[in-house]
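Per-chain residue numbering starts at 1, and chain names A, B, C and D are given in the order in which the chains are listed.
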Amino acid sequence: MKKQLMTILTVVMALVMIFTLAACEKKPDPNGSEPVVPDKTDPAPSKQDPPPVGDKTIHVYTRDSASGTREGFEAVIGFKGELTEKANEVSSNGTMAQQVGQDVNGIGYVSLVTNFAENNLKPLSYEGVEATEANVINGTYTLKRPFCFTTRAADDYKSEEQKQIVAAFLAYMTDSKEGREVVVAAGGITDVEGGKPWNEIKKNHPIVDQDNSALTIVCGGSTSVEKCVKAALESFQGIAGNVQFKLDQTGSGDGWARVLGDEKDGPNASDIGFASRKFKEDKEPVGTAMRSEAFCQDAIVAVVHKDNPLSNVTKDDLYKIFTGATATWDEVGK
Amino acid sequence: MTRIRKIKDTVMQSFTWIASGISAWVLVAILVFIFSNGWKLLDRSVLFGDYHAKNIVSGFSDEHDVNATFTPPEPLEDDEVISTRFGFAVRDEIDKEKNHVHTLTWVDDHSPLRNGKITTAGPTQGKPAPFKAGMNINKLIFIDSSGEEITVGRLKQQSPQEWIPILERDARQITEFHGKEPGGGMRGSLVATLMLIGLSLLFSVPIGIFAAIYLYAIAKQNRLTMFVRSSIELLAGVPSIIFSMMGITLIFPIIQLFGASGQSIILGSLTMAVLLLPVLIRQTEEALRSVPSSYAQASLALGATQTETLFRVVLPSARNGIFSACLLAVSRIIGESAALIFTMGTAIQDSPSVGSGATSLAVQIYVLMGGENPNFELASAISIVILILVLALNLTVKVVSALSDKKGKA
Amino acid sequence: MGNTNENYMASEAKFAKIRKRRRGTDVLFRNLFRIAGVIAAMMVILIIIFVTSRGVRPFLGSAEERVDLKYFLTGSRWRADQGIYGLGFVIINTLIVSVTGGLLALPLAILSAVLITRIAKGKLSIFLTTIVETLAAIPSVVYGVFAAGKITILVRDLANLFGISTYGGNSSLAVILLLAIMTYPTMTTLAVSGIRAVPKELDSASLALGATPTQTSFKVIVPAARSSIATGFTLGLGRAFGEATAVSMIAGNALAGPSWNPFDITRTLTSTMLTGLHETSGIDYEIRFSVGVVLMIVIVSMNLLVHAAKRRLEKKGGAVS
Amino acid sequence: MSASKLKKIMNRAGGTKKETMASTSHSSEISQRDHIAFALEDVNLFYGDFQALRDITFDLPAHQVTAFIGPSGCGKSTLLRCFNRMNDLIDNCRIEGAIYRNGVNINSDSVDVVDLRTHVGMVFQQPNPFPKSIYDNVAYGLVCQGVRSKKVLDEAVASSLKKAALWDEVKDHLRRDATQLSGGQQQRLCIARAIALQPDVILMDEPTSALDPIATARIEDLITQLKEEYTIVIVTHSMSQAARISDKTAFFLLGDLIEFGPTDDIFQNPRDTRTEDYITGKFG
């Protein structure tokens, strides 16, 4: 009798499990062709949740304090240090995109290179201007920041070759038409046609015609630049004797520290330090660097969940939202 | 038996079933989640491919037949665009890293593309460039009939539907081809993980086993032993993220004396070695204690020294247990992330070396999840690999202990 | 005879040499064993010394850079952007999520252990054990991927049912569920071995007195194994407190607290150590070691507390029997 | 090299410096060896605060079988383990008094216990062959001593197994795992393993208590054969066994040596009433 009971119980358990799992799996995938995560693109929330739900409290997402995106955003909107206490702090652009995409009441800010559709995000126009590359270049979209780099001092490289290859790479990425092309294809914003042909620039950097597979360019600093820099480095490899590279992107705060600051001889020493903002003149003097400038621009885009009816924000809206003055979606824009 | 008692019993029993059912459900949910996300991505190129795309730049010196036409061997799919003059087809795709790429889906054996020679300086310079389906085209440079150089391709923000017709119409001679072997693989992390396993075990196994022997055979019942024991217990309770910090503050300065310069596999291994000590010591001591003390007594009574007894009789008898301890240590290494993030860094390397930073599989997952666009699929694919490895190790441990049990009984 | 004598002399010398070598090897290895033991024991002390020495730096710096220790330990705001480092609420949050997670897992673990050891037989028992072991073997980063993709969604939908809006499911509750899942295998394993170690006589005695097997399991066997169960609870809690990667993916990192609402975002000690772990210099970096020191103190005091509770329990048990 | 030569070498090799010096008076050594294997003087043994042996004094005769009898916990096994200092392995064990072997107190610090144990072999209650081959089990002691020559080892293994009356049963599968043997065979293997080192004394701690009557009889036969060559001390619970095989018997009770003398005397004519009570089964 007891045995039977147990058997029945087991069967019931098994059925329950199978049904729950099946329910998890069954949700159809709307985008079909693209390899997407069922949960993130899953249409269920958009159909089930009345957007936005509940009290329509605004959920503010922000990046960690080392982030260049955050510094850029706070600088443009002008609320440094006034961020609302209710913010959720995330430590990367990707996490930001993923989490705001899961939260119908969320608002955050990401780099323009982010894949909005895939993360269930809606990019907001800023002051009525859509965030596009063209609008950044023509200056109408003002919520933007520069991607900058700085390097070790000219006499502070492991070897002369190391110095030359770093110089060659920076010339390729920053000055050449081809390099700029790659940066743009990876989402950076810069004027391709203004660049010089690489064949011309190459003459000043004979090192690229050697076998450089023993050299490694070490990059550190901002995570936002990673995609652009990685693309540039990968394409540079092919034209510069297969030079190796190492990207250890951790945050804009480290860009200067790892090439010129107190970490330049430490465990994380780098050749090129990147920041997704300007280097701070007072704290991060780049005067001794071999080269230091902005190589492209990036738009910061305020994003909300794709089901949020909002489509445009003003500087004042963002200021109020991020300082906590505006607490619910109903108040936005009033 | 009264009725109430019976009901009570049944209720309590069903609670136990429910509890275990929940755990089983969670396990299945995890497996289903990981597999459904990662399985379709998991192929040879993920397992053994490079993480960083490998760019190939090739030049073309030979004139090619201007009037040649090629036909694809079988009907191509709708989204593939064909260049009949140059004998290749391209499709616009999203790669593992979620970038748009133009992937070659077909290259004819006699396509002029096959005459390309690598122009990148180095040992492969001048060798024929490999062209095969699956490669990405970044851009093509050709000379048109007026002798002008024209660049087309993805880097020019053109879709295949745009640039292939231009190529077909204007090109007289292709001069340069920029392609890449797609990245997104885990081979580098796999190699780094293997290095990490080897080095960590190299450092920790001798110390772990010796310390276990000390506790088993040498240590007397006194305060020192009590202290050693409780210290090791305490060490087992230290969270792995603290080990990470220890790696930086304690071990880094030491290996710096030997010329190490930064986050590196060696630093990660030493950190892991310390982390593994309590696991190894505990398991090894248990294995030693399971050896009948009569073996040791017999050996001693035969005039063997303690060391001889340990090495000739006790350790060989405990070898299955010690082997299991090492396997458990390996599975711990494979799964560890927090202790390595600070010590080995978060830069994914394709050809890791002991003296420089790299990521283990687990850390690669962490990096992928925190990157510009979180890459659930690739992370899940790597998770599958980790899970399979870890479960295989655990299974081996079980088999080994079952075997030694059998042997012990016989 | 003379010949034999010669041989004998040579052998004497040879064996004396071997004896000496054997004794030397023995002494050498005994010392090596001892050194290995001492090294292993020293590591924990070295960790404490080195991490602490780094962790106190933020409190000793120059006046403008110095962090106020009192506020650090009791404060309710963690604003790295404003230079405000108050860890008090983080400690409370950590305690809440870890202990709740542990308490959630404990009954499940005990019930599963009873099923595995006393109800299920043969293959089924092995199968259930395998499930528990597999759960224990899954690396925390995989749990993290799962939690970020599944548990948060679950919590979000649950909250929506009540009409509560969440930060996409990132919440104390999500962390609690995750930690319950992660601590469950540890506790179950210990409970199983504890129950297995209970002498058979107790079982027989109880059955002979007319108790049902189920009554015996819950009234006699489980209480008799409470010491192991308590150890498992401690170990599980240790894992909960120390879990970093997975928790930081779903904690949400609140800037102020403590967060009492289970659907609110939270911040734990480990997630604090990992967020923006990016920086590798400056006070934001150094303070992480201070957080690490606090984490160690929390774990050790929690251990002591459970230990004391266990002792009291044992005393009580002793008085009864 | 013949087995006897090996024995000589091993004997010499086994001696400590002190022993060698003590043996300068050649004739006295021989005479002592012929008569007394161990001379005990006021041996007291403590486990922590508990006294397990009290003022044990007697001379243990050489080339005879001496049986230790007494109820459980009387200290007979403990005393046995004093002869090869196996009590060293117990953490809080302390021994007072002297046990002289060849004129040297084996409890003194200068005595090399490893050496002592090559001269004083031991066989345990439970047959405890190593999980190795039969050959490796027997050769183990010699290999530890540093004997590497295959020929010497082969000879020693063969002669030891022959002496232990096991040779005929195992000579064709010396490479087989020793744990596959039957209990009685295992015990004889353990005896062979001890004999291989050419000891003077073999200590046996209830060697037949785990065996069936047939295996027991074989071991008893073996013991009677072996006493020609070796001094044998046996702890036993079986009164009849003691009566059958031993020349001398010592009766212990609660850590005291009650009576020691020729076996016949002890069994037929005990001087102490407690001995009589034990032998006649009034307690135990």
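Here, contacts are C-beta pairs under 8 Å (C-beta built on N, C-alpha and C of every residue); 3 or more make two chains touch, one makes a residue touch a chain.
Note that this is a predicted model, so its numbers are computed, not measured.
Engineer: Which chain lies the greatest distance away from subunit D when centres are computed from Cα atoms alone?
Structural biologist: A
Engineer: Where the centres are mean C-alpha positions, what is the separation of subunit A from subunit D, in Å?
Structural biologist: For subunit A versus subunit D, the centre distance works out to 80 Å.
Engineer: Report the inter-centroid distance (CA atoms only) between subunit C and subunit D in whole Å.
Structural biologist: 51
Engineer: Based only on mean CA positions, could you tell me how far subunit A sits from subunit B in angstrom?
Structural biologist: Chain centroid spacing, subunit A to subunit B, equals 25 Å.
Engineer: Please work out the Cα centroid separation of subunit A and subunit C, and write it as a whole number of Å.
Structural biologist: 35
Engineer: Multi-chain contacts in subunit A: which residues touch at least two other chains?
Structural biologist: If we look for residues of subunit A contacting two or more partner chains, we find 24, 37, 40, 91, 95, 98, 223, 250, 266-268.
Engineer: Mark out which residues of subunit D touch at least two other chains, giving numbers and ranges.
Structural biologist: Only 114-115, 144-145 qualify.
Engineer: Could you say which residues in subunit C touch two or more other chains, in rising order?
Structural biologist: 22-23, 26, 148-150, 249, 274, 277 - these are the residues of subunit C that touch more than one other chain.
Engineer: For this structure, give each pair of chains that are touching.
Structural biologist: A-B, A-C, B-C, B-D, C-D
Engineer: Where on subunit C does subunit A make contact in their complex?
Structural biologist: The contact residues of subunit C facing subunit A are 77, 79-82, 148-150, 152-153, 156-157, 160, 163-170, 248-249, 252-256, 265, 267, 274-282, 284.
Engineer: In the complex formed with subunit C, which residues of subunit A make contact?
Structural biologist: Listed in rising order, the residues of subunit A that touch subunit C are 24, 37, 39-40, 45, 48-49, 52-57, 59, 61, 64-67, 70, 80-81, 83, 85-91, 95, 98-106, 223, 250-251, 253-254, 257-258, 261-263, 266-268.
Engineer: Give every residue of subunit C touching subunit D within the complex, in rising order.
Structural biologist: Where subunit C meets subunit D, its residues are 4, 8, 11-12, 15-16, 18-19, 21-23, 26.
Engineer: Per the contact definition, I'd like the list of subunit B residues that touch subunit C in the complex.
Structural biologist: Residue positions touching the partner: 1, 5, 8-9, 12-13, 15-20, 22-24, 26-27, 29-30, 33-34, 37, 206-211, 213-215, 217-219, 227-228, 231-232, 234-235, 237-243, 245-246, 249-250, 274, 277-278, 281, 305-308, 310-311, 331, 334-338, 341-342, 362-363, 365-366, 369, 374, 376, 379-380, 383, 386-387, 390-391, 393-394.
Engineer: Sort out for me which residues of subunit B touch subunit A in the complex.
Structural biologist: 10, 13-14, 17-18, 21, 24-25, 28-29, 32-33, 36-37, 40-41, 52-57, 94, 98-99, 119-125, 138-139, 154-157, 178, 180, 183, 248, 252, 261-263, 267, 345-349, 351, 356-357, 369-377
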